[in-house]
Amino acid sequence: MSTATATAARHADVPASRRVFDWAPARTYIQAAIILIWCLAPFYWMIVTAFRDVGYTFDPTFFFTHVTFDNFATVFDESRGNHFAQNLINSLIVAGITTIISLIVGVFAAYALARLRFSGKSLVLGFILGASMFPGVALITPLFQLFTNIGWFGTYQALIIPSISFSLPLAVYTLTSFFREMPWELEESARIDGCTQGQAFRKVILPLAAPATFTTAILTFIGAWNEFLIASQLSVDATKTVTVAIASFAGAQPHQEPYTAVMAAGTIVTIPLVILVLIFQRKIVAGLTAGAVK
Amino acid sequence: MKTRKYLLPAAVAGVLAISLSACGGGGGGGGTQSGGGDAAANLDGRGPITYVTGKDNAAVQQPTVDRWNAAHPDQKVTLKEQTDKADQQHDDLVQHFQSKDPGYDLVTVDVVWTAEFAAKGWLQPLKDKMAVDTSALLPATVKAATYNNTLFAVPVHSDGGMLYYRKDLVPTPPKTWDEMMSMCSIAKSNKIGCYAGQFQKYEGLTVNAAEAINTFGGKIVDDAGKSTVNSAEAKEGLGKLVEAYKDGNIPTEGITFQEEQGRQAFEDGKLLFLRNWPYVYNLAKTDGSSKVKDSFAVAPLPGKDGPGASSLGGHSAAVSVYSKYKATALDFAKFLTEDEQQKFFALKGSLAPVKANIYTDAEIVAQAPYMPTLLTSIQNAVPRPVTPFYPGVTKAVQDNAYSALKGEKSVDQAIADMQAAIDAAK
Amino acid sequence: MSTEAPTPTSAKETLAGTHHMPGKESADRRQVTQGRWAYTLILPTLVLLGVVIVYPIINAIIMSFQKDSGLDPATGFFTEGGFAGFENYTHWLLQQCGSGPALGPCPPGTLGAQFWDAMSTTFFFTIVTVALETVLGFWMAVIMSRAFRGRALVRASVLVPWAIPTAVTAKLFFFMFAFEGIVNTLFGTQILWTGSEWPAKWAIIISDVWKTTPFMALLILAGLQLIPDEVYEAAKVDGASAWQRFTQITLPLVKPALMVAILFRTLDVLRMYDLPAIMTGGANNTTTLSILVVDQIRQGLNNASALSTITFIVIFLVAFIFVRFLGANAVDAATTGKK
């Protein structure tokens, strides 16, 4: 928001004597349009398929044809053994808690790595990174045995804890790099200007850290939301997440691939996620950033 | 900063430090796959059990379980559904068996997993006190559930390939492979593809290559599990497929086909012949986009001089050695093969029965006219190799058959490599 | 909700941190106190990673020195394989199959025969996709950082590919790249996307780039947002061209974020599994190391552990090179940046 007004102001500053047509905004719009098409075209096809009658699954017509809501009904059809609403709640619980804990724990670690001096820092960084180097598929069997032994099989924590450890390396690395880049001197100068430490933090550091923290949160949340390997082996019916549920959709007949239902389910899990992010982006991050720096 | 160079030792040191604490409690899960539970224990055990099965496509399992529970209130069965993907079902079972889970009493196994699970000592041998009368079951299904001359699972559903053909263009279906190839001129004059099966490199290609090899008298492994694929018969069989692809009788895009792409091409009227499973029948009749609703029929797979040897699909129910209530588990498995249940599975779930008499039941034939044809197919079916090393064997077959189809190696070379790769898989 | 949680804690840290900063006396004692404080803050991270990641890795290393169970021909049951030495490792690295007198090169159609092919395929995918994603991601981030009407729409849309679960994406692209699929129909082509080597590789690359460019774009965008507008204004006043501003201001300032993004994408692509597994099943030379691991797990866990360990070491070396030579280390990059 603030940058928008700032740019507007900047353009207003340009003397009115400018004769030539300003191509800059047009170029931006053209490029933005290309980005939109690239990102949304496959998604469009996903939605078209999601709304298409299962009898026309393979029809390659580019536009909406044979539109039906049946696929969405199938996704929620309990008589076919689908409990998608429960799966959505489970995913929300797992991904939500994962994000919160990862961010808290990650902020601790990143702050220490970025702002404190201590020996063995590279050791710690190497160790954290080392966690993202092992093929995920090879983790399942040992984890299954571990969680079965301690009676955690089928619980939420058996899904959340691995999920946290998958997201932590990225969270720590991004937060650390952003914390290092932040102009902490501003905090000092704010205090010289008469702010209390709390005010300095709230008015200077928080807005600066918000976009980076928010980005990390999005990446963590989506990563956890999409986790499949661990959930497919360590969840039971009551804790099954959406990705596992989608993989278990079946056609009405053996060998029949339930493309339309899978695409409907994909649409159901994607759109709310995007809306959620959009709301957060507008209300919270924009709100925080609004008072920043300038 | 100088500290950078410590990254490597750092990670190693960190890993080692944690290892000490981790290994103390865990005891390490490695290398202890063999052994299994006690095959002599709990044979008379009766009580509540869990029946683990793949995704219930057509909602036929729960009603069946409910019927059993109504009659056996003290031996209730609980249904546990896995995902719809065979690989995930397999891995899920392996995980639970490895941790000796007594909660997986009766499990559904794909025909190709039986030997592996049996050899690991996870399945209760169905002999002596646990013996099952298999005389009423189709022989191929029993053979697929037998390892080392011992029955390890009760066949519950079967499956076999059939030849879908365009009856408007070919009034009488071909009986032999060569006859079918000679009819490809009809496809050419109609500007459509002639024949397709499943030729992408995945399990479907093993099914199709094994059919070609078995049909011409080859054998991938013998009863003792030894590789016997390097034979003139096997070369002839695979050679027929390769030749058909080279001639264009199998269209170029056939190499990308799984079941669904083949069905799509056939429903679009772009194929004269299609090898596929029974499920295509109803869909090709009812799909809105199907252009062949009234112009196709089914026949047994064409063979060398009679019906071809279909690969056998399907599932069996196996009792876990870790179960506490093996008597109940076995009774429920037998219950699944009773006529009433078999008929219900066929009518409601389009699942192929394991008993011959169901295929000719009037009510079933009225609803699924392909059933007698499917019976012929399954009566002539050959199980895919029954070996504990199935994952390695199927890879050896797929990889080499695929290379031969694409012309990257000769049929002779492919068969020789297949033999060597099967031997190396042990 | 997630953004609110960490703020009170970081407030406390900030207080503590600044409290230690200005002191000029006794650098040694300050370092000790900071060290203790730092490890307290890092401990939760280390514990979480230790349980979930380190235990399996150690487990795998131990198992990789055990033979896979073999079949006892007398009983037909599996028996334990015993100690293997480096046999499982030589199986992969030298592509040798069998044991004793039967030891020889792995025949085509075994997993062992595919090891080096899988290695080069994995690296090919990694280099091409990460390069494409970096360029595209940077471009998207720069556009998204501009102020224009509809920017929120673009930012939300960019998230879409990343937000769709991978299992769905893989199915979607498998479906789109089918011979009679929408891609061939729309462009009027007759390409066997999954049936020959280069189209198959490109289909996988396109799918992966589509799915994960947003990850790059978002991280780079967050980096761009840290740069105060004043810096650009000053450069403009000094008469710097757009290109100069990009190479001399944007690029160096975004570098830490960019490096983290590239590093993590590289580690991810090196472990790529879903897309090639679902789209081609590894046919036509699209088998990656992770596909090999999964296939081998079903054939023998101990040998699979050796392969996982090899993969781990390879990825480790790549990461090491990144950090050592390209300055992708969050700490070091920042330290040099600050002079």
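Letters A, B and C mark the chains in the order given here, with residues in each chain numbered from 1 onward.
Going forward, contacts are C-beta pairs under 8 Å (C-beta built on N, C-alpha and C of every residue); 3 or more make two chains touch, one makes a residue touch a chain.
Worth saying up front: this structure is predicted, and the values here are computed from it rather than measured.
Engineer: Sort the chain pairs by how many C-beta pairs are in contact and tell me the top one.
Structural biologist: A-C
Engineer: Among all chains, whose Cα centre is located farthest from the one for chain B?
Structural biologist: Measuring from the centre of chain B, the most distant chain centre belongs to A.
Engineer: What chain lies closest to the overall centre, CA atoms only?
Structural biologist: Central by C-alpha mean position: chain C.
Engineer: What's the distance between the Cα centroids of chain A and chain B, rounded to whole Å?
Structural biologist: 38
Engineer: Using mean C-alpha positions as chain centres, tell me how far chain B is from chain C in Å, no decimals.
Structural biologist: Roughly 35 Å, centre to centre.
Engineer: Where the CA atoms of chain A average out and where those of chain C average out, how many Å apart are those spots?
Structural biologist: About 16 Å separates the centre of chain A from that of chain C.
Engineer: Which positions in chain A touch two or more other chains at once?
Structural biologist: Within chain A, residues 58, 121-122, 124-127, 129-130, 141-142, 146, 247 contact more than one other chain.
Engineer: Touching two or more other chains, which residues of chain C qualify?
Structural biologist: Where chain C meets two or more other chains at a single residue, that happens at 54-55, 57, 59, 180, 297, 301, 305, 316, 323, 329, 331, 335.
Engineer: Would you please write down the residue numbers of chain B that are in contact with two or more other chains?
Structural biologist: 1, 3-4, 7-8, 11, 14-15, 26, 29, 91, 264, 268
Engineer: Can you name the residues of chain B that touch chain C in the complex?
Structural biologist: Where chain B meets chain C, its residues are 1, 3-5, 7-8, 11, 14-15, 18-19, 21-23, 26, 28-34, 36, 87, 90-91, 118-121, 147-148, 200-202, 225, 252-253, 255-256, 261, 264-265, 268, 388-389, 391-392, 395-400, 402-403, 409, 417-418, 420-421, 423-426.
Engineer: Once bound in the complex, which stretches of chain C touch chain B?
Structural biologist: Chain C residues touching chain B: 50, 54-55, 57-59, 62-63, 66-67, 69-71, 76-81, 97-98, 106-113, 178-180, 190, 192-195, 280-284, 295, 297-299, 301-302, 305, 316, 320, 323-324, 329, 331-332, 335-336.
Engineer: Mind pulling up the chain C residues that touch chain A in the complex?
Structural biologist: The touching residues are 1-3, 5-7, 9-11, 13-15, 17-18, 20, 30-31, 34-35, 37-39, 41-42, 44-46, 48-49, 51-57, 59-60, 139-140, 143, 146-148, 150-168, 171-173, 175-176, 180-182, 185-186, 210, 214-215, 218-219, 221-223, 225-226, 228-229, 253, 256-257, 259-260, 263-264, 267-268, 271, 273-274, 289-290, 293-294, 297, 301, 304-305, 308, 311-312, 315-316, 319, 323, 329-331, 333-335, 337-338.
Engineer: Considering the complex alone, what residue numbers of chain A touch chain B?
Structural biologist: My answer: residues 53, 55-59, 66, 79-81, 120-127, 129-130, 140-142, 144-146, 148-149, 232-233, 237, 244, 247-258.
Engineer: Within the complex, which stretch of chain A touches chain C?
Structural biologist: Answer in residue numbers: 3-4, 6-8, 25, 28-29, 31-32, 35-36, 38-40, 42-43, 45-46, 49, 58, 60, 62, 96, 99-100, 103-109, 111-119, 121-122, 124-139, 141-143, 146, 161-162, 164-165, 168-170, 172-174, 176-178, 180-184, 187-188, 197-198, 201, 205-206, 208-215, 217-222, 225-226, 228, 242-243, 246-247, 259, 262-263, 265-266, 269-270, 273-275, 277-278, 280-282, 284-285, 289, 293-294.
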